[in-house]
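Inspection log for the structure reproduced underneath, given as structure tokens.
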Amino acid sequence: MMRKLPLIKIKNGTKHYLKITGNQKAQHYILMTTFLMLTITGFPLKFHYYEWAKPVIEFFGGLHVTRTLHRIAGVTMCGLFFYHWYYLIKNIYNYYWGPAKRSGTFSWGELGKFVYYSPMCPRAKDGKDIADFVKFALFISDDRPKHERFHWREKFDYWAVFWGIPVLGITGVFLWFPVWAASFMPGWAINISYIAHSDEAMLAVSVIFIWHMYNAHVNYDKFPASNLFITGYLPENLMKHEYYVEWARINKIVEKDPSFMVDVDAQQEAQKLEDEEKLSIIRDQISFLQESEKNDKGDK
Amino acid sequence: MRIYCFIAVMVFSLFVTCASAQAAVTDGENCMMCHKYPGLTRVNDEGYLRVFYVDSENYAHTVHTKVKCTGCHVDIKEIPHKEMKPVDCSTECHINNAGSEKPFSHKKIVETLKKSIHNPDNPDVRARIVEDFPSCTNCHKNPTYRFDPGDVESVDEARHKERVLQKCAVCHDNNIDYKYFFNHVTHRIKNLAPSEDVVKTCSKCHSREEMATKHKMKNAAATYLDTFHGKAVEFGMPHAPTCIDCHVKKGDSAHNIQSWRNPKSATYEPNRYKTCEDADCHANASQQFGMIRMHSVIDKDIYPIEFYVALGFTILTIGAFYPLLGLMILELIRELFPNFSLRRKKKD
Amino acid sequence: MSHQHVKVGPKRIIYCLLGIAIMVYCGYIVEILVMHIWHKAPHAEHGEAGLSKEDKLYQDMIAGVSQDGGHGAPVVDINSSHKLYDFHETKRTAIEDTQNLCVSCHGDVPHDKKKEVRAFLNMHAYFMACETCHIKVENTMTTKFVWYEKTTGEQKDKIDLSTYLKDTPYKLLPLAADGGKLYDNDQMVKYVDEFKSQVNNMAPSAKSAAMKVIHRPMTELKNAVNCENCHTPDRAKAYLPFEKIGYPERRANQLVGNEVVGMVNKYKEFYIPNFLKPAEGTESEN
């Protein structure tokens, strides 16, 4: 079963709320590195007529190298895609299918609800949130919409990647093995793959580098950079500000079961006390022995 | 004293040998008296700079080194020179065809070219604009020998170039020609011009938009550079496929390029895949593989499928990205005036 | 939820304004990158690396001709001009003369009138300043010849002339014995600069008057230097003091030898009976 992570960590006097788990962080790391690698090795080819293209290719050691790196990164990213499917199904099994079957309360309707209310699934609320956000941005309302664990911007990123990887992956394989692809498809399909691969990549890069970077890493509340993708935890002010519903949900759980909250500060404080105690015992001992040695000499 | 004299004579004779070797340029007519000056230039009426300077050192290492000036510039008969016609490469020049005693000429190649698509009389030509069609010098310069006997040393250090040539001298004693033939043969053996040079040569005409429009063609160079073939050449991949690799049938002359509509052409649609399936390229290519477009343009009339796919993706990108960008900008404006509200006014 | 008043500090204002600017710029960049497949023309241009540049220069040059049209010959740049044929791949470094006042208008390839000899004259202009031939000094005692570097203007009495003047960076220039300029003195340089800056607004009559002033030293002298003044069989009578300016015996003899002199005579007979004589009317324009 899953390792139990504390939902709230208290550090330096502020509460930090759990946003993404270690496994999810790892997936994000892999996605991030492969994405950057694919961009940096792919863009010089797409935009070969700019002056920066050649130096980039030469920096890596020529077309042979960038081609290989691009394919390795692409295969890794597709591997992550398949792993993610496994991860989703595993979670459905672990958190609903298995327990419900065992307890004999399984119903397809409830499975649907489970999926519908899972954190990344787009819901009617997201539509409302977007409308509310537009109202807020146009000064019509004064409040930002209250979000759950993942708000509509994050869901957009997630589903963009979910759609993008198959498109890029399949067209990428066609371009990688054109002879094989042309053995069962007309020639123009490879031309289309080329257009689709490069245009979809352009969309992905512009959305990730501008929209995702802005929302997740540099927007005003998080400026200059959010370290969420490293720590997995968000400080309370951000959590409350951006994910009010999730903040409330976690608070409720913690109220019920305080074991979900780990007070790092208190632990450190306790550790400090313990350390001081140990040190004072040792120091007392040393000074006592030194004292007694002195007395011995005096006696002589 | 005598030994010094001897050394001096040796050194002197060495100098003389070197000097005479360098002066081996065929210039019995002393053309270089004037043409050795780099400033021998003028601007013609159309504004082009005409350079009459010939770098004799460079010329000595070119494939035409044995041909004297008047061998090609046949109508130069007197000084001062009269206005002359451009050099015709099918002229019989003053060297002998090796093996026969006939004077040498590029006539055969000129005739091949006349049968190819690069001749206005070819039935597949769409616009017969005679002056747009290439002559020899549009593609060819006077190339220097690609194989330098000095390269021999890099192949095997034991083979000093002098020793290689010595072997020739065993039979061809006192015949300076063996050096020439060695250069000639190795030049032909060595790999053809680098890929980017081939592309550059064809690009002289085939990259020009106005030329393409006139001749109802696509911009072949630009479309080629958009393919992985072109990018490989652009980024310096060795042996990257050039124009010639696809448009010239294996073993055929590059002067015999035919229209893709000619059944004998390397790019004739039903047989095109045969050109692709060279062992070094795309072995086992299928017929459809040959139909992958290598000069693809986004054009509704020629390639509707590509056009609509590109259109779809462009709309998708613009339709997805710009609304998001708008939201980000709106949010930033909202951040700038956090206390302003349209609703508050209503409340008042 | 009640609303607290949010303080808008400079940090927030800078952040937001900068953010908006960056966003708009990003939108612009993405537009270029996304739309590139729809713009055929500019994309197509890059393919011909070497050629398009040459072509562009050619276009510029042609444009320059029509602009200049009225006043004098175009400035012809010896390196950037479009070469019509380059079969012999002439790899010259061809340093452009930035020092000479005449060249600043007439260019490095100034001679274009007399069809049969213009290339010869340009060949000489490659290593001789215009003044060397176009201003004949009567008294060789009051003048001297120096070699100046085409880009820096640094003057030398002698340069290496053991072989012919191939891609030389030097040009021969006559000076007064005290080193004073014969033509392009400060006054003339200033006058020409002024003329060049105003020529487009000048009335035709004012323009031709100014041109006359600028070219007076050339038109006044009936006696320009002829080919045979230097390429003369009698070396003692040669206009140029070959030894003084650094020519070794052997080279000097070549310059006055039968081959050169014979050819000059041939040309003189057939093509240049009026060599360097200012023609009526048009010549002052040039």
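For clarity, chains are labelled A, B and C in written order, and residue numbers in each chain start from 1.
To be clear about the criterion, a residue touches a chain if its C-beta (ideal position, glycine included) is under 8 Å from a C-beta of that chain, and two chains touch if they have at least 3 such contacts.
Source: prediction; values computed, not measured.
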| item | value |
| --- | --- |
| Nearest-to-centre chain - CA centroid comparison | B |
| A-C or B-C - the one linked by more C-beta pairs in contact | B-C |
| Inter-chain centre distance, subunit A versus subunit B - centres from mean C-alpha coordinates, in Å | 52 |
| Geometric centre distance via CA averages, subunit C-subunit B, whole Å | 31 |
| CA centroid of subunit A to CA centroid of subunit C, Å | 65 |
| Subunit C: positions in contact with at least two other chains | 3, 12, 15-16, 19, 23, 26, 30, 34, 37, 43, 46 |
| Junction residues of subunit B - those touching two or more other chains | 225, 310, 314, 317, 321, 325, 328, 332-333, 335, 337 |
| Of all residues in subunit A, the ones touching two or more other chains | 49, 142, 195, 199, 202-203, 206, 210, 214, 220 |
| For the subunit A and subunit B complex, residues of the former touching the latter | 44-45, 48-49, 53-54, 57-58, 62-64, 133-134, 136-142, 156, 160, 175, 178-179, 182-183, 185-188, 190-192, 195-196, 199-200, 202-203, 206-207, 210-211, 214-215, 219-220 |
| In the complex, subunit A residues that touch subunit C | 47, 49, 142-143, 195, 199, 202-203, 206, 210, 214, 220, 223 |
| Contact footprint of subunit A on subunit B as seen in their complex | 225, 228, 231-232, 234-237, 282-286, 288-293, 296, 303, 305-306, 309-310, 313-314, 316-317, 320-321, 324-325, 327-328, 330-335, 337, 340-344 |
| Residue ranges of subunit C touching subunit A (in the complex, touch as defined) | 1, 3, 12, 15-16, 19, 23, 26, 30, 33-34, 36-37, 43, 46 |
| Partner subunit B, residues of subunit C touching it in the complex | 3, 5-6, 8, 12-13, 15-17, 19-20, 23-24, 26-27, 30, 34-35, 37-38, 40-41, 43-52, 58, 61-62, 65, 74, 76, 78, 81-92, 94, 109, 111-112, 116-120, 122-127, 164-167, 259-260, 263, 266-267, 270-271 |
